[in-house]
Structures are given as structure tokens and as C-alpha cells.
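Below you'll find the structure I mean.
Chain nomenclature is as follows: A, B, C, D, E and F, assigned in order of appearance, with residue numbering initiated at 1 for each chain independently.
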Amino acid sequence: MSETSLAITKFSDLANPTRFLALAARILPWMAAFTALCFIVGLYLSFTTEGDYQQGETVRIMYIHVPAAWLSMMGYTIMSLSAIGTLVWRHPLADVSAKAAAPLGAAFTLIALVTGSLWGKPMWGTWWVWDARLTSVFILFLMYLGLIALNRAIDEPSKAARVSAVLILVGFVNIPIIKFSVDWWNTLHQSASVLRFDGPAIDPEFLRPLLVMAVAFTALFFTLHIMAMRNEIWRRRVAAQRRMAARLASREG
Amino acid sequence: MTHAFYVYGSYAFAALVTVAVTLWTWADGRARRKELAALEASGIRRRSARTKDGV
Amino acid sequence: MHLEAANLAARRGEDLIFEGLSFGLEAGQALVLTGKNGSGKSTLLRVVAGLLRQERGTVSFTDSHGDTHKRVGEISHYLGHRNAMKSELTVAENLEFWRRFLGQMHGPSVSIDEAAAAVGLEGITHLPFGYLSAGQQRRFAFAKLLIAYRPVWILDEPTAALDTSGDRLFAELIEAHRRNGGIVLAATHQPLGLEGVQELRMTGFAHAGSGVWA
Amino acid sequence: MHLEAANLAARRGEDLIFEGLSFGLEAGQALVLTGKNGSGKSTLLRVVAGLLRQERGTVSFTDSHGDTHKRVGEISHYLGHRNAMKSELTVAENLEFWRRFLGQMHGPSVSIDEAAAAVGLEGITHLPFGYLSAGQQRRFAFAKLLIAYRPVWILDEPTAALDTSGDRLFAELIEAHRRNGGIVLAATHQPLGLEGVQELRMTGFAHAGSGVWA
Amino acid sequence: MTALLLRDLKLSIRAGGGALVGVLFFLTVVAVIPFGVGPDLALLSRIGPAIVWIGALLAALLGLDRLFQAERDDGSLDLMLMQETPLVLTVLVKCLAHWIATSLPLVIASPLLGLFMNMSETAIGATMLTLLVGSPAITFIGAVGAAVAVALPRGGLLVSILVLPLTIPVLIFGVSATYSAVEGPSPFLPPFLILIALTLFFAVIGPAAAALALRNTSD
Amino acid sequence: MTALLLRDLKLSIRAGGGALVGVLFFLTVVAVIPFGVGPDLALLSRIGPAIVWIGALLAALLGLDRLFQAERDDGSLDLMLMQETPLVLTVLVKCLAHWIATSLPLVIASPLLGLFMNMSETAIGATMLTLLVGSPAITFIGAVGAAVAVALPRGGLLVSILVLPLTIPVLIFGVSATYSAVEGPSPFLPPFLILIALTLFFAVIGPAAAALALRNTSD
């Protein structure tokens, strides 16, 4: 008995959820503090800088809209990387990472959509148009929800992860479409002015709060992601122990 | 301010969503930790915890 | 010809069903899996057929030329709990499809009518598969093994739903396959009436719940 | 209590499978159908259960108060080749559904956990049905007969896919049902190990093709 | 019977996330439309009700054909046929469960889609009302097809010939009631009443015909 | 492989009635739209190509979800997974069979629908051509969803949700190629070539991803 359990300990060490939990416990407080700090500075900057002569006060929406939009794409990218980890290395932590990222990505996409709409009403005179950028983001949102639904519909976690991974990777085609849709189709939406190959083309007055807010949002994303991963590991641990208890009971009983 | 509604609306919505997600994640973690503690109390323990430490 | 499994372990859901399982079979040999319900017989067969990925261990096949195949499924027939036949199509259409889809390997195989005769059901291949009785369906599912040659047969309770003459018939067909140098793996609850077979008793649940997470 | 079949004939497709078949069963008695594959055992059971319309003849049931029922299916359990359970739902959900859907008749019935224990599988009713092995599925399909009382049990190869301990278990459950005054009709290829049963050998194909058209 | 209703609902939730999925499906269908017809908001708002109705029809059709086939394949249908409870009632309850699981979420989500399609408040209300009243008819008609599919293993063709043409009147009266509510000049009530009549008619005919077909399943 | 193609075609004729369901659904969609936009023939002919494309897209979804589930349920999928023939090829052939049984009839029926929608000859021809070239892409994308559905106990709406967003590019280029053929001013060829490229791209990606998913769902 002791010999086998030792072997198992080594094996699970390889897959390593336990080490991940230890690491998470150590860094989470620091990440949370960093996030809070960035938000305080970022929010202060966003409300104290000048308004735009063209867009007026509404330019302040940019400070949340743009980071949220970036994160919506980054969330999916993280899911795709995790999907590769699931399919190629079959690493259980990759399964957990992809599953934990989906609701967060959906949340940031929702923020990007709603703040974009709220910006669109004063700027374009309408809440919603079916232009390429807006629709591709909307599709991203639907894909997040679809993946969440798929994950919940399969009740064997490792299988759910592998199946979702295939779909995540196929859906990745949408990300370049979002990013470059403004360049490929001439639409209402602003084309890239920060994340460009030839450097940002934006007034530093707006760039500073934007970047601080972007860092804050990113830090928030990762903090929540690690928390959600930790929750998922706990959830699986509970399930495994419950099942073990049931097996033992049915053996002895 | 010119378009106060839209600006504050955006900030309020973003705050709402982020806070909701944060709270939900946190509450979920707490619930899971409680379940683990309950299992621990009922005598079912992790294998790795049996041999050495464990978080 | 040689089929070798070394140190196999397999998981169902999160539970390890068996562990450290090894066996070796030469041409003409057969392995019969026994054990109570849920002990992992079907699981082992699916691992050997390559339908379920093992947790650890290897399965390999060395053919008569000494070449080694890692994917044993490709040179095997698998007869599972389900018959893999479409009830909308006639028996002949079903068998014809599998004959063409599976393709021919170097080895003895028979025509569809001969296969139907071999399982004791000549003359009704024109009926839709769904119209047959449970035992007749099982017999035709077995006929599939005869129409395209495969050296390894993996059989999961082949005689379920068969009458006693069917049991004997299948035993004879299996023996004939072995005489031809074939290898047979079968899970069963009733004695198949085969001679000189190895037997492996499955016990189930190596360590319940000893997954990555627990 | 009395189950009576008189002069039954049934057709499958255009062929008359059997003809002039009669039997009578009193409380506590059992009838075992044997015969080779395709001889019409399942057909007869489905006729008795009311799932297939007979060509001629009658089936009727007289209960302990002397009332006669024409539709025997309503007071029977039918366990066919298929298990009538949903693989998406857990075992407990499946059984709970059938318990409520079938409704209670006057007679002994047990709770779901007791039924699971009776078929030797307590403690895994929380698993989805689809995750179980073939034999475990069959056992739970049988557990369905215990959770809602029906005087007549119609069983089509109940022990298919069962291990030997399962065979014994089922035989005991069937005997218990008979001791309680139940009636059992079963088709089988293996001896069920029941005592004092009538046996009916089916031969199949009364007159092949003797339909309206021949 | 509540047991059957609950089981069927549970099954459709297990199979894919439940009500959320219905709504998502609808959203996806609607998101596809503007790509086809272009982002012309006036046009979108005009074809909006028709699109919403087509989406509802599609959602009802996906999966409806297996309503009884799934039961037959695992043997549950046999046990249902044997019961004392009238078969019509069983069929009715299964229809109800199917409607609740697939069509009701669409009815509830339709206002949201209306917004996406830039429809006016009246149009949204009218669409929702006609959907609520008319969509059960589609399910009832579909049930007949589903039952015939079980009775005749090779009757697939028959099902589609039977079911789809019958749904056209429902669709037409549903859509035209919506339009008369929005634009006039024709009054709203006549087509709406016909829609109600259709639903009631099929609520009686559908399950009865389906039960008849199931009884005659030949094996 | 021809054996598989023939079998699948036979099956969809015998059991599914695939072709006819698609065509009838298509007809239903086309029959309902005029009620939406009213009897304005000019408008109808303008949105005609878009409607035909949307109808074809939605019709392709019918039955797609059970492409592999049916094989799983009777155990055939196991045998297919074991073969030496690359699984990608098997998937490709099954897609082809599904396309021939459900989408090809739509392509053939599209001129008829074009007439209903009062489309010009050029528009009809262009729609038919783009459909012929573009609809296989929809099937290939759908195959991924169908393969994923094997992990689910039943098919249904979820598959469509996963599939539809990915089909949008095909729809966009299909429709825009048709419009540029009819109205100009933009040239027909670029979007048409992109459509061909999309089909080829998904002919590679779709079966590969579907095969990957199938390998990962077997148990």
C-alpha cells in the first residue's frame, strides 16, 4: 500500500496541480495588490487627463473599451495555447487553464461590446451596426458562450477538455479577423493606432492612462485566471475524493 | 460634461462586470475549500496528504 | 507472429481500472478474459484495439516477417457489444460495405454468401439487418470477421444472445482461425469451449480514484 | 391469478412465425421459452406484452379478484433485449423516472437503493448509466422490475452479459417473485436454474410464406 | 406524467446546456443574417419578424425527428406503449417537454433579437406573442413526423414531406399577424385568431396521429 | 472509400430523407420571406441571393449533428477508427456523402427559388455557382461540430451554435461574390476566388480537426 501510494505521489507530482496550488497561494496576494494599485493610478489618470477636442469627454470610454477589447482577444489566445497543451502534452493543468479562461474571456468581451455600444451611440449615432469589427467581436462572444456550454455538456473533465481544445483551435481563425477586420473592410470603426507595426500613432496624453489601464486589466485577468484555475483544481479534487469514497463504500458495504 | 451618461455608464458597467466576476470567482473558491474541509473532516484524505504535506 | 502487451494500465473516467497487466500471444494462441461484471474486460479489449488510450504500457504486434506494428487495431477485427451494422440496410449490403471498407489483407477470406453459410444463416442476406432476431444479428456481426482477413480477433462476449448450436459454431470458427495462425482475444462469461487457451482473470479497480487530482 | 394464451399465431413481415400456440400459467408458475435463434421467442413475448399484434388467438389475464384484463401489457414488466435506460441520466434518475412513470400497483416493491443492492450494485447509482459496463447495465435494467410491482414479468434473455454470480442473483430474484405469487415468462438460451417451470420449445416458421398472398 | 416531463427536460439540458443553448442558437442564427443581407438597418427591421420565425422553425426541427427514435433505440418506447396511461397523453407531454426545452427559450429571447434587428417595440411584442402562440403548433406537427419515422424505419422521406409543408401555414399566419400588428393596413386579429386555431387544431390532431402511428409500429 | 460514399448515400435516401428535408426547408424559408418584405418585387430580387444563401446554410445544419453520432451508436465508428485508411480520408468521404445528399439538391433547386424571388438570370447563375463552390465549406466546418458532438450523448442545438459562427466568412464571401456579379461595381472574381480558397482551406482544416476530435472522444 505504502509503496503504491508513493508511486502515485511521484506521478501526480509530474502533473503537478499540487505545486501549482502552492505557487498560486504564494503569488496571489501580490498580484491582487498590484492589480488594485494599477487600477487606482489608472482611474486617477483617466479622469484627470484632458478630453479630446474632437470626441470630447467620451474619449474616456477608450480607457476601458480598448483594454477590454484587447483582453477579449488575449483570453482566447490563452485558451488556444492551453488547447495546444491539452492536445499535444495532455497536461491536466492545460485543461484547467482553458476551462478557467472561458468565462473570464466572455466577461471582458461583454465589457468591450457594451462600452463600445455606449461609445457608438454618441459617436456614430447608433448603438449597434453590423460592421465587420463589431460582428466579429460579437461572434467571439458567442464562441466563448458556446465553448462554456460545450464544456458543461460533457461531464468527463478530461474528455471535455480535449474536445473543446479542438474547437478552440478551429475557432482561433476569428482572432486575426477581429484584429485586421478594420484594415480589410473599411468600416466605421477606428483602425489600429496603438498596436501597430510602426509604433503608436496616438497622443501621449491619451496613451499614458490607456497603457496603465491596460496593465491594470491584464493584471486583473491573470489574477482571476489563477484564482479560477485554483477553484477548478479544487473542484476536481472534491469530485475525485467523492468518487473514491463511493467506491470504497460500495466495496466494503 | 458632454456625454456624461455614456462615459459613466461605461465605467459603471465595466465595474459591475469585473466586480461580479471577481466576487463569483472568490465565492466559488470559498465553496470549494469548504467542501474539501468537509471531506477532510469525514475522514477521506488525499493520498499525497497522507504521505507528506500538501496544500 | 506475436502480440505483446506490457505493463498496461487504463483509466475509465478518473479511475484506474487495471495496472501492470502484461501478456504475450503467439500465432494460434488465444487469451480468454474472465471476471465479474465491471471488472474491466471490455476496457482491456478496447485498449488493445486502440480505441481507448492506455494510461501506461505498450501493445505491439510483430508479424510473420518480423515487422513490428504499434497500432494493433489496424491488423485486428473488433467485435464489441454493438454490432456495427446499419438496420436500414440489408445484411448483404452491410457485409459488402465492410468487405470493401476493411479491404483485403494477405490471408484466407470468404465471400459473403459463404460467410452467411458459415454462421448458419444462408439465404436471408436479403433481409434488412433490423428485421433479424438478436441472435441472428450477432451471427452476422460475426460473419464480418470472415469476409476480410485480419490476423488478430478481439471479441467482446461474442456469444451473447446465441443459442447452443451458435456457441458451438463460433467455437469452431475461432478454432479454425487459430489453426490458420490467427490470434484471438476474447472476453466472456460462459466457457467458449476452446482448447489450450490462456486465461486472464480481471479483478477491476487497481486503485479507486487514484487520479491526478486526488 | 391466471395468465392464459389461446391459439396464438403471429406474423413477422409476411411470414407466420408460430401458430396454434396455447399455454396457461397460475400464480407462482413460470414458462421458459427455448429454441434456436430466430425461432420466435422474442416475437411471442412481444405478442404477450401487447407490443406486437397477434395474427390470431387471445391473451388474457385474470387477477386475484377474478377480473379479466385483455391488455396484459398493463400489468406486466417487460425486459427486452434493450435496457430502456437513458445513458445521459444517472442510474438513480433513470430508476426514479421509471418508478414514477410506471406507478405503483398493489404489491411488494422496494426503494431504489434497495433495488440496487438486490442486483448487487449498491453505491454506484450516482453514475451516469452510459458509464457502466454491459453487465452492470443489464443488472440495473433488472432492478427496474423491483421498484414497481407488476404481477407478470416478461423477460427476454434476462441474463445476457451477466457473470455467473449475476445469473444466480437473477434466478433468486425470479424465484422470490414467484413465491410472492408472480408469474414469469422468460426466453433464454442458458438454463436459468429455476425450479418447477414449464418449458416451451419454439421451432420457428409455422408455414414460411403462408400469408394472405400465398 | 410530470416524471416524464422532468426527465425529458433533464435530457435536453444534459445534452447541451439547456435554455442557454436555445437562446445562443437563436442569437447565432440572427447574427448570421446581416452578413447575408447586408447591414441595412431598415431592411433588417423589415425582415426581422420573418427571420425570428424561421429561426424558431429551424430550432424546432433540429432534434425533433429523434423525439421518438431515441426512445425506440434504447427500448423505452416499448415500456411506454405498454402503460395504461393513454398514449396520447404521453405524446402530448413529450411534445410539451420538447417545446419547453427548445422553443420557449426562443420566445423569451425574441425581444433581445428584436433589438439586434432594430425592430420597433410593437414589432417585438407582436413577434413574441405570435411565437408564443404559434410555436407549439410546429412541435405538434413535428411529433407526427417523428412518430411516423419510428413506425416506418425507411419512412424518412415521408416525414419531411409530411411535416414541413404543414408548418408553412403556421409560419405564414404567424408572420402575417406580426406584420399586420406593425404596419397595418390589415387588422391583426384575424390572422392571429387563425394562428390560435391552428395551434389548437394541431394540439388535438398531432398527438392523436402520432399515438396512432406509434401503436402501429410493426415490431 | 467509394463503398463508404455509396453506403452513406444509400442511408440518407433510405432513412434520413436528407435531400428532401433540406429542399423543403429551403422552400419554406423562401416562401416565408416575401411575407416579411411584402410583395415588393424589386426588393425581393435584391435580397434574393442572400436569402438563398442563408437558407442553404441553415438547411445544411439539419441532420449534420448526427453525422458521426449515428455511427457511434451502432458501433461502426469503432471499426472506422481502427482502420489503416487515414481517418481524415474517412471523414472527408463522409462529408462528401453528406454534401451530395443535402447540399447538392439545394444547389440544383436554387434556380427554382431564384425564380420565386424574382431574380435575374445573372443573379440566378451567380447564386448557383457560388453555392456550388461555397457550400462544401459549410459541410466541412459542420463536420468538426459533428465530431465534437460524438462526445455528447445527443445532438441538437449545441452543434449548430459551435458551427454557425465559423461559417460566417463563407456566407459573406458567397453573398458578396453574387452581388458583385449582379450589380457591380466591385469585380466578381476576388470574392469568388476567396470563396474557393475558403472551401479548400476548410476541406483541409475541417476533416483534420474532425479526425482529431474523433480520436479524442472515443472511449
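Keep in mind that, in the parts below, a residue touches a chain if its C-beta (ideal position, glycine included) is under 8 Å from a C-beta of that chain, and two chains touch if they have at least 3 such contacts.
Predicted model only: the values in this text are computed from it and were never measured.
**Q** Which chain has its C-alpha centre farthest away from the C-alpha centre of subunit B?
**A** So the farthest one, by centre of C-alpha atoms, is D.
**Q** Examine where the copies subunit E and subunit F touch and state whether the two sides share over half of their residue numbers (same) or under half (different).
**A** same
**Q** Between subunit A and subunit B, what is the separation of their C-alpha centroids in Å?
**A** One centre to the other, that is 15 Å.
**Q** Could you grab the centroid distance between subunit A and subunit F? Build each centroid from C-alpha atoms only and quote it in angstrom.
**A** Distance between chain centres, rounded to whole Å: 32 Å.
**Q** Could you tell me the distance, in whole angstrom, between the mean C-alpha positions of subunit D and subunit F?
**A** About 46 Å, centre to centre.
**Q** Return the residues of subunit A touching two or more other chains; collapse runs of consecutive numbers into ranges.
**A** Those would be 8, 12, 135, 139, 142, 145-146, 149-150, 153, 237, 241, 244, 247.
**Q** Could you tell me which residues belong to subunit D and also touch two or more other chains?
**A** Correct list: 12, 81, 86-88.
**Q** Of all residues in subunit E, which are in touch with two or more distinct other chains?
**A** 11, 14-17, 21, 24, 28, 31, 35, 38, 73, 153-154, 219
**Q** Under the touch definition given earlier, write down the residues of subunit A that touch subunit E in their complex.
**A** Touch list, subunit A to subunit E: 126, 128-131, 135, 138-139, 142, 145-146, 148-150, 152-153.
**Q** Help me check something: in the complex, which residues belonging to subunit F touch subunit A?
**A** Within the complex, subunit F touches subunit A at residues 144-145, 147-148, 151-152, 158, 161-162, 165-166, 168-169, 205, 209, 212-213, 216-217, 219.
**Q** Name, in rising order, each residue of subunit F that touches subunit E in their complex.
**A** Per the stated touch rule, the residues are 12-18, 20-21, 24-25, 27-29, 31-33, 35-38, 43, 47, 50-51, 53-54, 57-58, 61-62, 65-66, 73, 152-158, 160-161, 164-165, 167-168, 171-172, 175.
**Q** Under the stated contact criterion, what part of subunit D meets subunit E in this complex?
**A** 12, 46, 49-52, 71, 73-74, 76, 78, 80-89, 93, 96-98, 100-103
**Q** Given the complex with subunit F, which residues does subunit D contribute to the contact?
**A** Per the stated touch rule, the residues are 86-88, 130.
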